[in-house]
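Next come two complexes built around chain A: one with chain B, the other with chain C.
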Partner chain A sequence: MTATLIYAAIINGILSGGLYALLGLAIVLIFRTTTIANFAQGEMGMLSAFLLIMYATALPLPLWGQWLATVLISGAVGALIYWLILRPNPQAEHLNMTIRTLALYSLIFAVVSYRWGGNEPYTVPSLFPAHTVDIGGIFVSVEQVGSLSVMAILGVAFLLFFRFTETGLTMRAVAINPDIAGLLGINVGRVSLLVWVIAGFLGGVVGLLVAPQSFLDTTLMRPYILKAFTAAVLGGLYSFPGVILGGLLLGLAESFASIWISPHLREPFAFLVLLLILLVRPEGILGTRHRVRV
Partner chain B sequence: MRASPASLAFICGAALLLAIAPAFAGSYVRYLIVIWLIYSISAVGLNLPIGLGRLYSLGHGGFMLVGAYATAVVTTQWNWPAPVALVFAIMLAIATGILVGLPALRLRQFSLAIVTFAFGYTLFHLVKSFNVFGGPQGIFMPQLWLSSAFSGLPVYYLTLALALASVLAARSIASSKTGRALRMIGENETAAASLGISLTYYKLVAFIFASVLGAVSGFLHAVATGYVAPETYSAELSITMFAAVMIGGKGTLIGPFLGAGFIVAVPEFAQASQGLAEILYALLFLGIVTLSPGGLAGASDMLRARMRGTHAIPDKKAAAR
Partner chain C sequence: MNSIKLSILIAGSLFAATGAFAESGVTDDTITIGATAAATGPIASSCYPVTQAAEAWFAKINERGGIHGRKIAYTVLDDAYSPQRAIGNVRRLVEQDDVFAVFGGCGTATAAAALSYLKTKSEVPYLFPYAGIGELVSPTQPSIFALMPLYDQQLGAILPFAASQMEPKPATAAMISANIAGADAWRAAAKSYFDANGIKLLYDELVEVTSPDRTTFVVQAKSHNPDLLVIVDAAPGAARFLLDMQQQNWKPKMVVGASPMTAEQFLDPVAGAADGLVVAAGFVAPPTADAAKECVDTLAKTHPDVKPSHYSMFGCLGAVVFVEALEKAGRDLTRANLISALESMSGFESGISGPIGFSPDNHLGITSVMPFGVEAGAFKIVGDPVSIK
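And now, the complex of A and B:
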């Protein structure tokens, strides 16, 4: 086992882990504020990648402009989802809301497959140049460095937003108790809408980061969504730093499992990590035990 | 699980109708009925943990996989007869249910859903990557008396009998001490524990009931279709089964049959529309769960209530803990 191989495993682990974490952030955000487990989060990212190559690349903009446009549209898609799917019958229990996102997952998949599935896979242009750079003897592609920076900036921005802005504070209030937050004059509906817009953004960014790494087809986000959920559960479901930690841990565990054990055991290994950690800490790594008063 | 005498009479009537159906129906309709009943059995099982105990199991496809693959492996490689294969499939499902359930059921709601989902997903990858299980190609079942004699009538009646047995079993469990304990757990776990209800025991009972019916359904599916493929039992199946329970109306007696009917019939009838089938399926699915949170079984109640001017949708406060 050479040192280079280990470094490469670390970099790969952080890269995929960062994507799990980013997608997981969107999931935790929606879960905290609305107690909905958004199963459609991955497909929202897949849709964004298709929106980029089908529509945004036709815009008279540089590539980064097209990316930005796609991410903005993804946010609008998030708003649309909230209005059309989650607003009707708001008094229904949260399990029903979660099932709606499952239906949405099927719908996005079906529509994209019908519209564009015939000609897949597609290649998606990367935002970053294709050459590699030498960092202390290890060659890393600019794409990897670029993806990592985007993820790091977004992750930090996200945490800061929640800690220091007023909107972030209202979101945390709604997360703790929507009814009391409503009584205190917070517009809970508006906060939910905003949450879905942010989830749309994050899904879009992840979709656009994942798509250039492989070919784009309708199953693009399938491996990521389960990992993102796993990261969220690992992190304790309610904690933003927790889900980031969970995502990175999962990415690293997978990466080392594939070089030390076997590449075929990546998927089962992720499950094993999840089970082991939850056996020791059912509330997740950074989660707190919820005490329920009866 | 509401089990009024009327619904019981309805079930008996429906069973009687299905019992004489082969005299009139062609082989295609008969095949559809069998597939519908097979998925119904699975949904009846899943309805118990979801509908009563609010245990969100998203790995039900994994138990169907266990049933189907256990059947396929022992009948092809060890030449066991089908009834023995069924018993073996059930035993294996119970063992798997305990193995997964004991650690997983300590978790709640969302975490439980993810862990069970990961279970189904992992099993799918395992059978796909090992040649003992036929790898990506799957396993062809041998010629069985059940599926070949009398143009498939034995498997038809076996499925019907098992479907009836499963719904009666679900009904009797739901109205027993176990059912009441599960409902209490679903309502409020902490309160249930404080009343001396063993959470581990009752959750495990519900979970094992579901896994047994899942395995029975997998067995029947393998026998009826003559082929066991990994793609049939992908993670999608777990989601579809969960959806079936929710579409039909969780916690009701006929809900699982309605939901299974939906997931079997809609794609089947929409096949003619090429590619639009999936969109239609997803749209209907989305429409039902958004407009009628109680599912198909709840829709009639809701309409009746709306005519009377009251709301039948359970209040969010009462439902969400």
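And now, the complex of A and C:
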């Protein structure tokens, strides 16, 4: 394997892994605070990409302004999802809540397919120019560098937010025990709403980063959502740094497998890694064992 | 005896009252046909215009009174490029909707799936899908007809042309193929050409049509630095290759492709990245050609939101040929008469393709391809028609 291929594998692996990590962060955020597995996280990103090209690009704003508007709208969509679908009957069983997200997944797909599926796939403008940068003989596109930068900034901002802000501390308290958090005066409902707003933001950002690279169609996020869950499990379902690490490791593992061994091993290798981690360390790389008093 | 006569009288009256015609999908005033097509999914932008253009042409014919007093009713079911759904769709069209013929549609994988079912219903005509699989025409099936040259035939014709345009001649090649039915045939055809002409095949891989990842293949192919790159993939996937090649700052001496790379769904996303680089096998006039005007205007009338493309031109071509066959079959329309009409078609000038002809031994209508190149972001026919084998 030449140095060029190694560097290409690293760059592609970090790019993919960063996307899995961002999406995984949204999944872990919702799971930690509400114990709901949000299977619609990917479709929320897909919807954001469609909102960009169908509506936001008509706004009298520069492209970065249209992107920002779309991300903000994505947060609002997250809030709407919480208000209409998750907030009613909050005492329902976890299975009930999880199936609501599965139904939402199908609903978003069906609506978008009906409305815009006929002319897919679409070309989505990238926020970054289509130039290539030569770094020591390795060619990296400005789009790749830009996407990596966005992912890195968001990831760090996310971790700092939860570690050092009062709102982040409040969310962590709700994640540990929502009943006690409520008794301590924390508005659990408002925290849950904020969680879904942030999940909407993250899904929107991932959708807008993926769509220019892949062309936009209604199945855009399907390869990513499973990997995002894998990243979340790899890192430990309760650890934010863990899901970031899990995502990056997953991206690098499948990138090296596809370039070094065979492109057809990309998908199976990723899940092989997942199986191994679950067998050897089921709590994930940075997760801790959770014991429940009975 | 009186009761028997009465029964016959009643049966005859019922027959007359329904206006029933002896053939499935044909009544006094309607010919019902159907299709399974990717109206949604990863290749919808390519495939759906095939059926939309055919719908538009049929609407135009219906406005003029139809064929021998019968209008064409065209039912299109969405398969989202899923072979399983395609089988379900054709089963429904044949067994529930009782169509006269399965017409058109698009997608090699789904056509292969539809074919697997329709082979068991040999009386039902299956006509002109946009699909490059050999099983459609080899061996010749009584009621299955194709227009689109197979991908192995396209490559067999376009590779020698492409090589003749290169100086010096290519010494090495790489090939990336969609992992769909028929891939073995076109890969074998390409390898046969390479072996016969001393071109070393350095890289040969299959890629999933529905997978968004092309970067891995581009990185691997680039590492071999071939003179010639052959791509047989759906239009969006082929466009993805070109864009990833641009990102990787890699430009082989020539990129050779099959008919999906003569489509606007390939050209529009790649913009200038294909200029002077791509040669592909086309078999229907581009929508910008003068001869294409009637098809383009007809499409605009019923589907103004659909951009004319190679695929819509193919859909129009299929409809034109089908209508011609219906005319020839006459008022006494049966599946057998339709098949006879098609098999007797020789040198039919559609105006938007080479001459079209069928025979009892040959059910593939088009016998030559046109070499398409890209200049200043637009398609251009860069050579004389090349006969296919």
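Quick note on the criterion: the second predicted complex is superposed on the first by the 294 of 294 C-alpha atoms of A that agree within 3 Å, B and C clash if a C-alpha of one lies under 4 Å from a C-alpha of the other, contacts with A are read in each partner's own complex, and residues count from 1 in each chain.
By definition in this document, a residue touches a chain if its C-beta (ideal position, glycine included) is under 8 Å from a C-beta of that chain, and two chains touch if they have at least 3 such contacts.
Computed from a prediction, not measured in an experiment: that's the story for all the values here.
In the three-chain model built by superposing on chain A, chain B fits alongside chain C with no clash.
Of the two partner chains placed by superposition, A:185 touches none, neither chain B nor chain C.
Contacts of A:229 after superposition: chain B is touched, whereas chain C is not reached. Greater residue coverage of chain A by touch, when chain B is weighed against chain C, goes to B.
Contacts of A:113 after superposition: both chain B and chain C are touched. Looking at the shared chain after the overlay, A:217 reaches chain C, while chain B stays out of its contact range. In the superposed model, the angle subtended at the C-alpha centre of chain A by the C-alpha centres of chain B and chain C comes to 70 degrees, rounded to the nearest 10.
Of the two partner chains placed around the shared chain by superposition, neither chain B nor chain C is touched by A:60. Of the two partner chains, chain B is the only one that A:268 touches; chain C does not reach it. When both complexes are overlaid on chain A, the residue A:91 reaches chain B alone and has no touch with chain C. In the superposed model, A:279 makes contact with chain B only, not with chain C. Minimum Cα-Cα distance between chain B and chain C in the superposed model: 5 Å. In the three-chain superposition model, chain A touches both chain B and chain C at residues 113, 264. Every residue of chain C that touches chain A in the complex is listed here, in rising order: 39-42, 44-45, 48, 205-207, 210-213, 215-217, 219-220, 223, 236, 239-240, 246-249, 268-269, 305-306.
Of all residues in chain A, those touching chain C in their complex are 2, 4-5, 8-9, 12, 113, 117-123, 130, 132, 134, 139, 141, 143-144, 210, 213-215, 217-220, 223, 255, 258-259, 263-264, 266.
Interface of chain A with chain B (complex): residues 31, 35, 37, 39, 85, 88-96, 99-100, 102-107, 109-111, 113-114, 226, 229-230, 232-233, 237, 264, 267-268, 270-271, 274-275, 278-279, 282, 284, 292, 294.
Only residues 54, 56, 103, 106-107, 110-111, 113-115, 117-119, 121-122, 125-126, 129, 188-191, 194, 235, 239, 242-243, 246, 275-276, 278-279, 281-283, 285-286, 289-291, 293, 311, 313-316, 319-321 of chain B touch chain A when the two sit together in their complex.
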